[in-house]
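Just passing along the structure, written as structure tokens.
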């Protein structure tokens, strides 16, 4: 088993702490190539997620479903439906299952599919997709490795710096979007990094 | 004779030059205890006065009448009707007369009366009245003396600094109006100072 | 400070042309003047209403021209009363023989210039009457109180009275009733920028607001360290209510007026507290208006106006108006 | 920067309560939501119109609720699309069985959130249709164009169509016709201040303006050294007209929209040039509106919207509206 209910809750609570800590940084990234609210949106939504996780949960799927509905109704903006969809798809992909490395890869695959469909987006458009997609590629290669997950997400996040945005608000900045990290890519990197930390510690 | 048509025109043109030179200073005084437009108002109006004085005029009264109507229709604010009235009354007071020292005193008396009536104001309320009134007192004392006229107007203007305004926009500043010169008193001082210069030079 | 203007010297002229260009079927400009009048002026058989003053208070005053409100508006330079000849042109163009009511805000300049215009009208046998609006309670002496946002209620209600065919005396009397029952107080958060100088009209430190400031930046009651919207609403209401002389059965109209640069979002945040305080105190609100009605260029801040109503005033307040800035 | 607010976290909630407190007879708030609806919603036998988006654009969107315009408005946080559950509440509260048209501005967030709400509605057998406003020509690719002030024309005209009893399909079609014929471009002179951070939403040097900026401060076409109002009007018109595909006999509606902090005086100075250029070019103007309709908090600047009209659109544009921000 990779993660159970407790680790999932820990992961999401740690992610919330990270977001509240990096709120201003994320908003600042969004100010450069968007409208400056990404940090506020994510921090607001995941604070609610964290607050909603003190109940008893039967399985990981239920935790993620709860997270999905909270994110959808509390984050707003573009990232709300995208992260909401991602968590919903992850929840569906592990329904009735224990989450091992294989299931987790299926979960990320479902999430990425959901994000791309909801956002009508593809790789290379300087969005969170550009973190989720390399992460999926890595997970598909087999053995789960927390450190590699973190490193892959980080590199992917870094790679958005040189991309030109064609989706979301950053797309209005066209070439001007180059040289700036995509805020959604950064918040997605945090998500995987926090997961890696929780699993790494647990191992 | 104290002044003729030519000196009157010279006086008003010099006054216009002075106003345009001191425009910002007058507005700044008005910003402290009013709404900051006295310099603009006066400079705008007297530029028109200066421009209107290139015609032929029969006598001083006609020059002043022309000035009065231009001031009334071009200055605006509180100072427009007040200076307009002052010039109209001066014009009426010298109608059909040569302007000697006695007539000039009568003219200032009429003007002051007009200002006080139009403005419903009295001495000591920190307005232009506080320059016109001491000037009239001095003129009534007899022999005309350009230097004394200038000095009297200047002292009177200076004395408004410590007064508390009870009329016009400065009155809203109540005690805060103390320590600031009244802008209308300053523009009135300029008027008499320019007259003194024209007469002084002519003598 | 950047402004959307051309030559500051031409700003009034260009604004007036711009207003007419935007409403060519409703208003016209008297040639070579700063006067706008109803396209159909003079309106036969109707007492005319004229208002005006310095510019910079838009939509006041031209925005209130229309059926049921003003017949004409006279604009001076920015924050400077218009001259008597301009007011006189407005009077001549709007008088249908029933006489003209001049709505004057209580500033020395306005009072003198409109009064001189009335003298000119008298000399040509045009009947005029005057009312002087003095709703700003930031000034203690009632005689010296300035006319501010309450002026809009005078336009609306006296305008409806005139539209209903009342005589000059009756329109004047109704206007006076509005004035007697209207009180306003405002607050500034940041100054406006004078177009001619490019300088702020007055000074406010970064953490200061000014309570009771006038619509030209004239001094208010006091400068304060920054307060919340709720604190400001409370403070203004607590000063206004004692002045209103309200009986239990009285109903009031409320106007929350933005000074120019304050977002409507904030005006509504402010209005929320105003209304909840009024409800707490048992004051019945008949009508509320929130928006920019009497501004000071891009000053930030707002004013709060209360008007005590009776049956006549309610009916006239509700009467139709086609004025773009106060459609009913 | 000073603002007339309390807790920035509560600003939307308090604004919404303030709006309702100001118009208790016309709008109501759905409990525990950020949704305002017509007091009489759902209106029997009528297709409902819902609009919304991030807050900070007031009077958009709640100011357009009224007979002849919107049935409901959904507010997100400042500049942040509202969530699907909120939009869904609005749909449920306004649907009378005739279906609901969602007027969506073309931002990823709005499109996704409204679309998810439509899915929720479908799951409960409520018929919805969508139109996506994309009038901002500052963006080249027509598919990516943002929805800005032209949205107000969609509210007005589709709202009148719905009020007249048209079916959901017909209302949608008319709304789409407005969208196809509406083009806007804006300019910013100074940024707005985000209430949560107290920081400017974007940067502009003291002598710079930005042409084609979005209503959330998204990048425009280019930054320029300061230009006069006439130069800006000329530039905007020259970019808009080629997009309008006007025949000689066509008439247009013009909207000069202030971004929040620009005095109405300046909007009229700008409008003067717009109208004189249109006259020079022989473009017939049927209707002009000048004011603050789709703002960005206290951003300074304006936008210019042109709408090509036909007989149907003219009639619907002129139809009555009781919405406080667009009374007709």
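Should a chain be cited, it is by its letter among A, B, C and D, assigned in written order, with residues numbered from 1 in that chain.
Please note the rule applied: a residue touches a chain if its C-beta (ideal position, glycine included) is under 8 Å from a C-beta of that chain, and two chains touch if they have at least 3 such contacts.
Predicted, not measured: the structure shown is a model, and the values here were computed from it.
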Labels of chains that are neighbours to subunit A and to subunit D: none
Minimum number of chain-to-chain contact steps, subunit B to subunit D: 2
Computed distance of Cα centres, subunit C from subunit B, in Å: 32
Separation of mean Cα positions, subunit C and subunit A [Å, integer]: 54
Inter-centroid spacing, subunit B versus subunit A (mean Cα positions, whole Å): 76
Whole-Å separation of chain centres (CA-atom averages), subunit C against subunit D: 28
Overlap residues in subunit D, where contacts from two or more other chains coincide: none
Contacts with two or more other chains, residues of subunit A listed in rising order: none
Which chain pairs touch, all of them: A-D, B-C, C-D
Touching residues on subunit C, where the partner in the complex is subunit D: 2-6, 11, 14-19, 21-23, 55-56, 58-59, 63, 189-190, 192, 206-207, 209, 226, 228-230, 232, 256, 260-276, 288-290, 292, 295, 297-298, 300-302, 327-328
Partner subunit B, residues of subunit C touching it in the complex: 54, 76-86, 107-109, 112-113, 116, 138-139, 144, 146, 194, 196-197, 199, 201-202, 214, 216-219
Residues on subunit B engaged by subunit C in the complex (per definition of touch): 24, 27, 31, 33-37, 40-41, 44, 72-82, 118-119, 167-169, 171-174, 176
